[in-house]
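All chains are identified by letter, namely A, B, C, D and E, in their written order; residue positions are counted from 1 within each chain.
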Amino acid sequence: MLEVALRHRYGRDGFALEAAFGVAEAGVTALFGPSGCGKSTILAAVAGLLRPDSGRVVLDGTVLLDTARGIALPPERRRCGVVFQDARLFPHLSVAGNLRYGQKRAPPGATGPGFEEVVALLGLAALLDRRPARLSGGERQRVALGRALLARPRLLLMDEPLAALDAGRRAEVLPFLARLRDAAGLPILYVTHALEEVDALADRLVLLQDGRVLAEGGVEALTARTDLPLAARRDAGTLLSCQVGGTDPGGLTRLDFAGGTLLSTARPEPVGTRLRLRIRARDVAVATEEPHGLSTRNILAAEITAISPGSGPQEVFLQLAIGPSKLLARVTQDSVSRLGLAPGKQVWALLKAVTFDHLGAAR
Amino acid sequence: MELSAEEWQAVRLSLDVALRSVALGLVPAVLMALLLSRGRFPGRFLLDALVHLPLVVPPVVVGWALLMLFGLRGPIGGPLNDWFGIRLVFTTEGAALATAVMSFPLIVRAVRLGLDQVDPGLEAAARTLGAGRVDRFLTVTLPLMSPGILAGAVTAFAAGLGEFGAVITFASNIPGETQTLPLAIYSATQSPGGEAVAARLAGISLTLAVAGLLLAELIARRMHLLLGRG
Amino acid sequence: AQQPATVFAAASLTDAMRALGQEWASRGHPAPRLSFAASSALARQIEQGAGADLFLSADEPWMDYLQSRELIVNNSRISPIGNALVLVAPTTPTRAPVALGRGTDLLALAAGGRIATGDPAHVPVGRYAEAALRWMGQWEAIAPRLARADNVRSALLLVERGEAPLGIVYATDAAASRGVAVLGTFPAGSHAPITYPFAITRRAAGNAEALALHAFLAGPDAVPVFERFGFRLAR
Amino acid sequence: MLEVALRHRYGRDGFALEAAFGVAEAGVTALFGPSGCGKSTILAAVAGLLRPDSGRVVLDGTVLLDTARGIALPPERRRCGVVFQDARLFPHLSVAGNLRYGQKRAPPGATGPGFEEVVALLGLAALLDRRPARLSGGERQRVALGRALLARPRLLLMDEPLAALDAGRRAEVLPFLARLRDAAGLPILYVTHALEEVDALADRLVLLQDGRVLAEGGVEALTARTDLPLAARRDAGTLLSCQVGGTDPGGLTRLDFAGGTLLSTARPEPVGTRLRLRIRARDVAVATEEPHGLSTRNILAAEITAISPGSGPQEVFLQLAIGPSKLLARVTQDSVSRLGLAPGKQVWALLKAVTFDHLGAAR
Amino acid sequence: MELSAEEWQAVRLSLDVALRSVALGLVPAVLMALLLSRGRFPGRFLLDALVHLPLVVPPVVVGWALLMLFGLRGPIGGPLNDWFGIRLVFTTEGAALATAVMSFPLIVRAVRLGLDQVDPGLEAAARTLGAGRVDRFLTVTLPLMSPGILAGAVTAFAAGLGEFGAVITFASNIPGETQTLPLAIYSATQSPGGEAVAARLAGISLTLAVAGLLLAELIARRMHLLLGRG
C-alpha cells in the first residue's frame, strides 16, 4: 500500500537519513524515535516538501517519487494530508476558512467526515470565526488536524499532532482518529513519542534512531520484544487482541481473548466488538498459589515461557503464555528467586480490572 | 485657498494620471516581482537590472525613450495608431504610461519585499491541501504579500503625483490633457515671481499625497486585521 | 466654432505667450492651447507627431532640426523678436554698473565666486554666454568657474539667492526679477543675435486659425505685449 | 515569594481570565488545565508581555505589576526567564549565540549553571554552530530552555517546555530542572498538561479551568483529592514522601515513609535522600487475607478510611491509611461488594516494587 | 567602448554621489522608519506625509527648496558657511545631499516594510532575556529588518545614479564637481544629434546599476544565511 525508501543528507556532513519501510495495508504506522532522529524529515519527503537525495515512495500503486526514474509528483498532486508540528494555519483566514481550504480542494468523489462532524469532534464550534493569531497552542493544533482531515487525503501524515493537546482533548481525539482510519481505509504515518498514542492508534511501528530504521513490524510483535529500546520504558508491555463478550453479573465487561477471558470496568462497545488491550508489564503480577480475597479481578493460569533481563538490574521480564496468547510481566529479580520462578513453571497471572482503561481502538 | 480653473484641472489630472499609472503598473509589477524573486532562469539578473532602468537614468531620458518607442513614428506607437487608433503621446493615457514606467521599479521593489515576508511553510501547507500553483498564489501568497503591494501602490501613487521629467518629455505640457501638477509647478517657476504659485501648487500636491497616505493607512489597518495580525 | 490652435512654445516665452493668448481670445478667437517646455523636448515631440500647429523655439538650431526633417512650413519661419544678454548681480549689496567690453575682467568681478548661466552644452542662454565670453577672450579662464544651470530661470535663481555673485541671463528675465540688478549689457556684436524663431508646423499647413495666429504673433499687434515682457524687436 | 492576581478579557466578549494564586517559597508551581484555559495568558502577564486589564504581581517583595498603583515594570527589568510554547529562537544567531544572549545580559552578581553545564545537560554540544532553522522541533525547545536558564532569572516561566521532547530527553532534562530549582532557590511557574511532569517537578499545583482557579495547593494534597478533575485521569493517585532507608538483601531499595516501608527496584540515591513517590491508585490492589506466593513485594496492612466514587460507574476510590500516610486504591464496585469492603475495615494493600520507577525528585 | 576623460569623471562622480547619498540617508531613514512605524505621537501622520514630500513635488522644486534652506542666505546654509565654512551649493557634497533628500522616502518605505517583517514575538523574547530598548533594537530588530534596509539602500543607490532635477537645480552642473552621469546624459539629449552620446552614457549608468544590484544580491544571499533562512 505504501512503500518508502529514502536517502538524504543535510549539507555536506550534516544529519544523514537512510530509511526504508513498507506498509502493506491501511492503518496507522507510527514513526517512533528520539528527538532529531529524522521523523519530520521522512514526513516531508513523503509529502513532497523535501526532495531527498534519492529515494522511492509508492502509494497504492501510484509512484509519488522515484529519483531513479526522475519522477517526483508535486505535493499538491500527492494528496497527502499533513498535520505539521507547527500548525501552519493560514493567518489571513478564519478557523472556518482554514478548515474549508482543504475541503474545497478535495476531489469531488472523495469521501470522509463532514465539516460539522469534524468541528464537533475537535470542539471547534466556538472558534470558527476566530483568526489563528487568537488561538491558544492546543486550539491551533486542533484546527490543523481538522483542516488536514477535511482535505480527504489518501494518506495522512501527522507530526506529533497531539503533543500540544491536554489529556482530556487527546482522549477525545484519539478514538476519532481511530474511527477515521478504519472508516476510510486510510493509511496514516504518525510521528509521536508517546507510547500511549502508539497503543491507541498504531498497527505498525517503525522504530528510528539516528536516521536509520532500528526495527519495523506490527505493534503487538514489536512491543512484546524485550531487546528493543522500547522495553526500557516504564509503559513497556504487550498488546492483546480481544472481543467484547458480554457483561458480568458484577457489571464488569467480559473481554474474550485467545486463551481466556478478562474482566474490565464497563466498556461502552457492543458485544462482539474487537478491541486491543495494552497489558503493560508493570501491571502484571504473578502468584505461585492461587490467591484469595484479593481486589484484583483477573487471576489467570499461565505458564512462564522465558525470563529475560529487564531494564534495571533488579528487574526481569517474565514471558507468560496463556493459551496461545502472550503476556509480559515485570517483576523483581528478588521475586524470581524467592518464588523459584523458572521457564515452564505454572503460575497465576494477576491483572487489575481497572488497568484496562487504556484501550486501543477496534480493528 | 482659491484655485483657478486651470489649477483645478491640473489637480484633477494629476490624480487621474497618478491613479491610472498605479492601475497600469500594479499587475505587471506583481508578476515581475514573482518572476524576479521566484523564477530561476538565465538572464534573470539582467531583467532585474532592466527593471531598475527608469530609476538610474534621468526621467527626461525615459520620456525621450518612450517618445521614440511610442511616438506616432515609433516602432510601437506607429502600429498602435495605424491599426487600433490608439495614441499615447500627448494624451492623458500617455502621461499615465510615462508615470507608470517611472514608478515601476518602486512597485517591484516593494512587492518583492512583501513577497519575502510570506512564510514558505504556509505555501507548503497549501500544496499539501491540494492547491496548485495559481490557486496557491491567489489564496495564500497574494493575500499574505498584500502589505507589500499596498506599500508599493502608495509609493507609486506619491511618486506619480510628482513625476515630471518623463511626462513633460513624452506627453508634453498641455493644460487639461497632460499638464499635471508638477508640470504646472514647473511652468510657474519658469515665470519670474512664480514662486508663490509654485509653493501653493506644491502644497496642493502634498495634500493629495497626505490623502493617499491616509487612505493607505486605513487599508493597511484593515489588512492587518484581515491578515490576523490584529 | 474654430478649433483652437495648439502652440508649442519655449519655456522662456511662458508669460508673454499667456498674455498674448488672452489677447487673441479677446479678439473672438478660440484661446490657443499652450504647451511650454524646453525647445529640445518640444522639437522632438513635433518630430514624433505631436499635434502642434505653431512652434515657438528659443533658439535656431532646434528649428533647423525640424526644418531639415521637413516638419515645418518653410516660408512661415520668421524670427520677429529678440533678446539681449546681460550681466546680473544680486540686488544686495548694491553694485556699480559696469560697461561690458573686451577688457572687462569678469573673474575679478566675481571675486572668487561662480558665474551662473545656462549650460552652454544645451541651454541657449549658455551658448550665447559662451560666445560672448569667447569674444572677450575669457572663455578658457571662466569656463571652469561657471555654474551651469539647466535653464535660465535656475541660473537667475542662483544669483537671486546670492549663491553666485554674477550671472549671465536674458534681459527679459533680469527685468522680471526683483532679486537681481543688471550690471551691464553684453555688446550686441559679442554673440549671435538672440532670436526666437516661430514657424507653422507642416500638419497645420492649411489651417486658417494657425495661419491667423501666426500672423498675429508676427504682426504689430503683438509687439507691445512682447515689449512689456522685455523682448525687443529683432533687427 | 510570588503573588499573582490577574483579571483580563480578550476583546469585548472573548475569553475572560480571573485568577489569583500565591506561592510562598521557592519551588515549582505547576499551572495545570485543559487547552485554552488561560495558562499561556497568565505567563504572559507575569512576564510583562501582556498588560492585563487589572492585576498585581509581586515577586520577592518587588512589585512587578500593580495596575491600581499604575506600576508595570517592563519585561526586561522583571528578570523572568521565559520558555515559550513556540521556542522563539533568534533566527539570525547560532545556537551558541542564542544561548549566550541571555547570559550576557544577566546581572553580574547572579549565579546559576554555566554555559558548558547547560550545553552538556541539554545535549546541545553538536548543535552550537547550527542556525535555529536547521534544528528539529525538539532541538529547538532544548535551546530555548538553555537560553532562559542562562539568563539567570529570578523567576522561571515555562510554557509546556517538554512537550516537544521525547521521553528519553525528557527524563534527562527533568532532574536537571529539579536540581536547578533546588540549587537556585528559584520559583518556577510551569505550564504543563502532563501529570508525569507535575509529579517530578511540582511542589504546588494551580488547577485552572475556563480562566479560573479551580483549586490550588500542595501537589500531594491536591492529587489525593477525589473530587477534582484530576481523579478522572488514569494516572490519578497520591504522592508519598519517603526516605531512602538502605538496601534489602534481595537488592531492592528500602524506602521508609511515615507508617511503613516500601521496597523498590534499586535507586541510585544515597541513604537518607528524601524522595517523592507517586503511588497511582490503579497500581494499588487490596486483599482481605494476607496473600502468599505473590511476586508483589509490598504487602502493607492498611485501614480503609473512606470509599468515594471513581471516574467510571463500576469504579471506586478506596482511601487507605497506613499509619499517618494516605494512599488511594482504584478498585471495581464489584470487588467492594464481593470482598465486603467498607470504611474501618482492615485490609492488605498490595504494591508492586516495579511501579515506583516513576519517582518525583528530591525536596 | 572608449570613454572620454570627462565621461570617466562623470562616472566616478555619479558613483561618489550615489554612495554618499546612501550613506547620508540610511541612518536617518532607519530612525524615521522606526518613529513612523512604532511611534505613537500626535503629528505622526503629518510627518509621514512630509517624508513623502520629495516624491510628490517635482525634483526641480526640491532643488529649489534646498537652495532656499541650504544656500548661503538660507537659514541652515548661512550658519553652516559662517561657522564651519561648509558650503553645499555647487559642491559634490551638495549633490549628495540633494540626492539623499530625493531618495529618502524610498529608503524609509523599504525600511518600514522590513521592520514589519520582524516578528514581535522575538522582540518579546529578547525583553524577557533582559534586553532594553536600544540593546534589543541593535541585536534583534536591526539584524532582522536588514533585508528591508538593504533593499532601501539598493533602491536609493539606483535612484541616486539617476537623480537629476534636484541636483542640477541645487548643485548646478559643474564638470568634475557636480556633473553626474544623468546631468551629462541630459545635456546630450538637449542638443540635436546628441542621442548617440546619451544612449552610451545611459548604458554606462545601467552597468553601474547592474553592478550595484549584483553586489546587493550577494549581500542579500549572505544575509539570508545569516538570518538563518538559508
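As a convention for this text, contacts are C-beta pairs under 8 Å (C-beta built on N, C-alpha and C of every residue); 3 or more make two chains touch, one makes a residue touch a chain.
If you want to know which protein each chain is, UniProt gives these names: A, D = Molybdenum ABC transporter ATP-binding protein; B, E = Molybdenum transport system permease.
Predicted, not measured: the structure shown is a model, and the values here were computed from it.
Enquirer: Return the chains common to the contact lists of subunit A and subunit B.
Expert: Of all the chains present, none is in contact with both subunit A and subunit B.
Enquirer: Comparing centres built from CA atoms, which chain ends up most distant from subunit E?
Expert: Farthest chain from subunit E, going by C-alpha centroids: A.
Enquirer: If you average the CA atoms of subunit A and of subunit D, how far apart do the two points sit, in angstrom?
Expert: 26
Enquirer: Rounded to a whole Å, what is the gap between the Cα centroids of subunit D and subunit E?
Expert: 57
Enquirer: Distance between subunit A and subunit C based on Cα centroids, please, to the nearest Å.
Expert: A distance of 91 Å separates the two centres.
Enquirer: On a C-alpha centroid basis, what's the spacing between subunit A and subunit E, in Å?
Expert: Computed from C-alpha means, the inter-chain centre distance equals 60 Å.
Enquirer: Send over the residues of subunit A in touch with two or more other chains.
Expert: If we look for residues of subunit A contacting two or more partner chains, we find 86, 134.
Enquirer: Going through subunit E residue by residue, note those that touch at least 2 other chains and give them in order.
Expert: 60, 64, 186, 189
Enquirer: What are the residue numbers in subunit C that touch two or more other chains?
Expert: Within subunit C, no residue contacts more than one other chain.
Enquirer: If I apply the definition of touch given earlier, which pairs of chains qualify?
Expert: A-B, A-D, B-C, B-E, C-E, D-E
Enquirer: Write out the stretch or stretches of subunit C touching subunit E in their complex.
Expert: Touching subunit E from subunit C are residues 38, 40, 43, 61-62, 64-65, 114, 116, 119, 121-123, 144, 146-150, 154, 157-158, 161-163.
Enquirer: Of all residues in subunit D, which touch subunit E in the complex?
Expert: Residue positions touching the partner: 47-49, 74-76, 78-82, 84, 86, 88, 90-93, 101-102, 105-106, 131-134, 147-148, 151.
Enquirer: Sort out for me which residues of subunit E touch subunit B in the complex.
Expert: Touch residues, subunit E against subunit B: 45-46, 48-50, 52-61, 64, 105-106, 109-110, 112-114, 116-117, 147-148, 151, 154-155, 158-159, 161-162, 164-165, 182-183, 185-186, 189, 198, 202, 205-206, 208-210, 213-214, 217.
Enquirer: Which residues of subunit E touch subunit D in the complex?
Expert: Contacts found on subunit E: 119, 121-122, 124-132, 135-136, 139-140, 143-144, 226-230.
Enquirer: Quick check on the complex: what are the subunit B residues that touch subunit C?
Expert: 60, 63-64, 67-68, 71-74, 77, 89-90, 168-169, 172-176, 178-179, 187, 189-193
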